[in-house]
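Letters A, B, C, D, E and F mark the chains in the order given here, with residues in each chain numbered from 1 onward.
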Amino acid sequence: MTDSLSSDAGSLRHDGRRPDQLRHVRITRHYTKHAEGSVLIEFGDTRVLCTASVEDKVPPHQKGSGEGWVTAEYGMLPRATHTRSAREAAKGKQSGRTQEIQRLIGRSLRAVFDLRALGERTLTLDCDVLQADGGTRTAAITGAFVAAQDAVHRLLAEGVLERSPVLHPVAAVSVGIVQGVPVLDLDYVEDSGCDTDMNVVMTGAGHYVEVQGTAEGATFSRDEMNQLLVLAEKGIAELIGLQRAALAGADVR
Amino acid sequence: MTDSLSSDAGSLRHDGRRPDQLRHVRITRHYTKHAEGSVLIEFGDTRVLCTASVEDKVPPHQKGSGEGWVTAEYGMLPRATHTRSAREAAKGKQSGRTQEIQRLIGRSLRAVFDLRALGERTLTLDCDVLQADGGTRTAAITGAFVAAQDAVHRLLAEGVLERSPVLHPVAAVSVGIVQGVPVLDLDYVEDSGCDTDMNVVMTGAGHYVEVQGTAEGATFSRDEMNQLLVLAEKGIAELIGLQRAALAGADVR
Amino acid sequence: MTDSLSSDAGSLRHDGRRPDQLRHVRITRHYTKHAEGSVLIEFGDTRVLCTASVEDKVPPHQKGSGEGWVTAEYGMLPRATHTRSAREAAKGKQSGRTQEIQRLIGRSLRAVFDLRALGERTLTLDCDVLQADGGTRTAAITGAFVAAQDAVHRLLAEGVLERSPVLHPVAAVSVGIVQGVPVLDLDYVEDSGCDTDMNVVMTGAGHYVEVQGTAEGATFSRDEMNQLLVLAEKGIAELIGLQRAALAGADVR
Amino acid sequence: MTDSLSSDAGSLRHDGRRPDQLRHVRITRHYTKHAEGSVLIEFGDTRVLCTASVEDKVPPHQKGSGEGWVTAEYGMLPRATHTRSAREAAKGKQSGRTQEIQRLIGRSLRAVFDLRALGERTLTLDCDVLQADGGTRTAAITGAFVAAQDAVHRLLAEGVLERSPVLHPVAAVSVGIVQGVPVLDLDYVEDSGCDTDMNVVMTGAGHYVEVQGTAEGATFSRDEMNQLLVLAEKGIAELIGLQRAALAGADVR
Amino acid sequence: MTDSLSSDAGSLRHDGRRPDQLRHVRITRHYTKHAEGSVLIEFGDTRVLCTASVEDKVPPHQKGSGEGWVTAEYGMLPRATHTRSAREAAKGKQSGRTQEIQRLIGRSLRAVFDLRALGERTLTLDCDVLQADGGTRTAAITGAFVAAQDAVHRLLAEGVLERSPVLHPVAAVSVGIVQGVPVLDLDYVEDSGCDTDMNVVMTGAGHYVEVQGTAEGATFSRDEMNQLLVLAEKGIAELIGLQRAALAGADVR
Amino acid sequence: MTDSLSSDAGSLRHDGRRPDQLRHVRITRHYTKHAEGSVLIEFGDTRVLCTASVEDKVPPHQKGSGEGWVTAEYGMLPRATHTRSAREAAKGKQSGRTQEIQRLIGRSLRAVFDLRALGERTLTLDCDVLQADGGTRTAAITGAFVAAQDAVHRLLAEGVLERSPVLHPVAAVSVGIVQGVPVLDLDYVEDSGCDTDMNVVMTGAGHYVEVQGTAEGATFSRDEMNQLLVLAEKGIAELIGLQRAALAGADVR
């Protein structure tokens, strides 16, 4: 029975959550006014501002293809973190971690877009972390989808697009093994101390877009991976429900 | 009489403001949780997140001097603006404009700090524009002071500092000549179309810290400059009052 | 029965391989003379030179910790590929892809090292692709382990280390779904046309170190992922056998 | 009476100047042979080589506008200063100070140019400091105007332009409060020790183009600012006279 | 008599070579499969992979000229050397030494190409040092010529070119004065300890393309230079013979 | 007979010079006031400002060695040339040509310095081209020596050094084959059109420091090289005489 398991396991997490419980998720649309889509997404204390910008141009590799492009950039404000980290613009380059994350966000969104239906335009998702507490990349993907959807709705409303290029919703969540227990949606404390960390990106149809599992402390078995995937599937189904509610106009708080 | 002048001139501004009227200013303290000071300041639709970080180190030129340092960095989210601007971290360098602004913020704050009383530590003010609608640098200075004050209060409370290194409050506002009329606190529409733009930074004691006037369309006379300085003085007195109220614990909204 | 499946499926692969068959793997030790470990590894036409360098220093975050560090750098010669790609040194920066790969190699090797047993020294694995035909990152990890092992043997022989910091062998392979069929160790032609691509890194003990699956054309189901993991497990077991043979002194050709 | 004031105050300046006295100014035209305009300007021991280059192209934001562009670049030879400063080309970037100054020079010159009359061409003013002794940016603006004027005369003589795009002369000077006394045209010694430093750029018509005042040691009052502006006005009127004399063919030495 | 001189002098070189003797030279064509020309050249333990790539574009300065371009890039794998050197791609720039060498290779090859006969295409020679033991730049030039020749033969075979743009063979060798004795083709040990080092590039017709002599320890006399040139001439004649043999299909080992 | 040869050949050079004639050379010491040595050297219309700076520190590779270091940096003002070239500080990197030249200047000066006698300090020669008309690198070396000598004299006078670390004077000149005729000290017009260009650096004792010959149009024979070396030797002897005269206090104009 889930309940008894949950109540047992709940005692394991430092913030009182059950192992299979997401943090409190909030989705605020229209957070800023200029972007075609602008969403503040919060996974507990992690807050990411995701904006979707539409431009009538494509990168060179798509020119003349009749197809558009979907891409992402990721950043973290210097004091989004416990101690101040150097500003990447001042250092003159983006870290490997930043590039890895923005490439992941871009691929995740492209996986649910019909680039031909988008036409020769670029949709850029800017995901900027205002406050970090673990799971910034999964919050970014989940929020970016809502911002992208808002931008698409605007293009449809303006008659720029005739049909939506969005094939499926997409969301992401982290799972990991913390002190031997598989848990969902790790916060910073759990993430720092976990043995294995996996980021899972799935569509609304329950298919995988990305699976990135890393053994940080100890390598993991096939069985552990299966348990993590079950947790991720549950979390993503809930997140996709929250995206739907937010897009339906409800305040997701 | 100010009133009649105001009602006449009020008709000139596209948003209904009188020439000598600030936009609606909001100051939200503790906006994010990690920084020693964290303030969201809004001048109308301009929103800047100002965080103050304290670190126990100083730049090389201050090492062993017994004095601390106060510095600032400035950034703008790519879609803070009407059209998306390239991310400086991705371009690999900060623009001349960015550097000019962050140097201005740093000098303005240093002007009201007793660096000896700060001791050998660095106070970094990160000013990140979430949404831009004109006056981002003046909002940044005004908000950064509140964040800096919060950080100082924390150091005093923790017994790290015995006395406050803050000599005076400091705030900033823009003034300009729009279609021949001197006005206070220009928004983006006014800023784009103005002939002359001046940023003024003053202390709570009514002294100048910085005056930066630029003729964008037409050069300006001594008389016009005097009118602009009067407006700026009025605006800054009001802003310093709002800073005081915010620091006194009142919600400034 | 595996055989009949293999013979059927074998017809599917453009180079005559069965779906669960690795390319011809060759491991040449002592390929260059200066490095503490130097291995040319070939997965079919993919050729990667992996050198292991030992230096008596550690990065700042490990200083004074009593622990060492294992890290990796990855590069591709400009004409390792079908058409010439720009030299990263000339462009002045490493691409996001390069950084992603070298971070993956570094994490994979660290997962099988006891950093305390290494002592305060750094082991750098340089993986340079001389010729690319798909799977360069998995060949790099597999070859880097052999080079690392050679470097460790040298440190043991010289009495610098008393016991080996190597906990397990580690190897990597790619798997993917090509035209609906799950296959092992994709070459460039298969990789370009596949729907899903997964890189799996495992230890000799059969545990996962990294799993990175990406839906390139179509998202993938849980069932497909399971099939891919079975293939990967088989391939990695074979690769670890080849590493052992090479390290035992046999020419692996 | 000015004289008695001057004789009193004169004793205050370390080089024997009266408070309202410029340093010895020299303007040497045709200092180098390739540029369309080439001027060595000296404010005492400060020597800046200002060249004006005309190119038949405009930056992207002016393309097709029918308008030209006027811009500036600023540099300092490594040993123009008391101690050697690192070469910006070797460091790989221009400092914030350099960018701030070159943006100031560019805006100052654009303020007196009719860009439409210039046509779609770019006038670049390169201001390189051969020897620095305070006031390099004001000397640069003052010299750059003479170089620009020479370049324009050449375009008129060649029939490339039909009418001059130069609307007014422009010149610049620094003023500041040194040991409580407002003085004109600070040299390095005065600049290093002053409380307040203001750079003023004005046209030949007596209008302001730029005013940039900074409190370095102590903030300044409205009254002090007024005194500084009076001094600046006097100095600029003299500089514009010297520019006129130089352009009239007289050797200004 | 050469023999007796050689036997005497032979005792001087640490590896048993006579002063006028090249190291063992090996030329392996078709070393990698993608490039139009791909040659591994070995001068003793120095091994350089030289690839020739043909692209249907020219740099801006050749556009519309009807002429092609020949250029080179040079790199060294981080552990090609005794101790690991930092990767230039990671440092974000090529060293002055790298640029000097790649410019030398490019000029040397251009000197024997008829750029008009090449047509508007670019031939890029990538010379990557896999293992360094002195003389990498001279090995690179000598090997790059063979790779270039292979690429040209391919263009002729494909009918892209009607006649060969290659005017002469070109090869290079180093000469130097080691402990007072002029010697040919210095290895790393000799190069590190020599007084004077000269790189000579000559055509098959016995003409000079480049002569770069540098006094490292002691300056050199006209007489010494003449002796060095005689040695170089001899070595280059032999190298050109080896290039011919390799291109004739013989394995040069 | 030299005379008749000269009068014949004189007709060949576009500026009326005999083939073996230097341009008018001027050496102005103490050109700027801050540097320990500051020399403006002119070879005809080529003008290079050479400053020598002494700093009490050495690069890492010399630390603790008891030896000093001599190095050089080279730059060209943007409008030193016929058409404006981009500022390297603005482009963010020094060109390969710049690095090649500054490395040449550094090696040339080091060749005549006893680094041990210099002690652990660095002598930096900054060579900045104010106006270019061919031969900037040879003028730079020749002028840098005079600036270096001035700096050394100052250190001796101040008692910082007990004996001079200068072993010999050093100077440089270019020679080349212009329309079949070997000529000395090429100006820009000759340099652009020549077949072969050689830069020769020699000491006052008549020994070579550097010889860098490049075939630009046509390769050159041993005989031509010999003729060029004779010309260079003559030119350098004259330049060393001019350096001596300048250092003796005579105005060299």
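What we mean here is this: contacts are C-beta pairs under 8 Å (C-beta built on N, C-alpha and C of every residue); 3 or more make two chains touch, one makes a residue touch a chain.
As the structure is a prediction and not an experimental result, all values here were calculated from the model.
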By label, the chains that touch subunit A as well as subunit C are none
In the contact graph of chains, the distance from subunit A to subunit F in steps is 3
Interface of copies subunit D and subunit F: same or different residues on the two sides (over or under half shared)? same
Rounded to the nearest 5 degrees, the rotation mapping the CA atoms of subunit B onto those of subunit D is 180
Separation of the C-alpha centres, subunit A versus subunit E, in whole Å, is 52
Distance between the CA centroids of subunit C and subunit D (whole Å) is 61
Shared-interface residues of subunit C (touching two or more other chains) are 92-93
Contact graph of the chains (line, ring, star, complete, other): ring
Beginning at subunit E with subunit F second, the chains that make up the ring follow as E, F, D, B, A, C
Listed in rising order, the residues of subunit A that touch subunit C in the complex are 93, 96-97, 99-100, 102-103, 107, 111, 168, 198, 202-203, 205-215, 219-222, 225, 229, 233
Within the complex, subunit E is touched by subunit C residues 32-35, 38, 45, 47, 49, 51, 53, 55, 73, 75, 77-84, 87-90, 92-94, 98, 124, 126, 128, 130-132
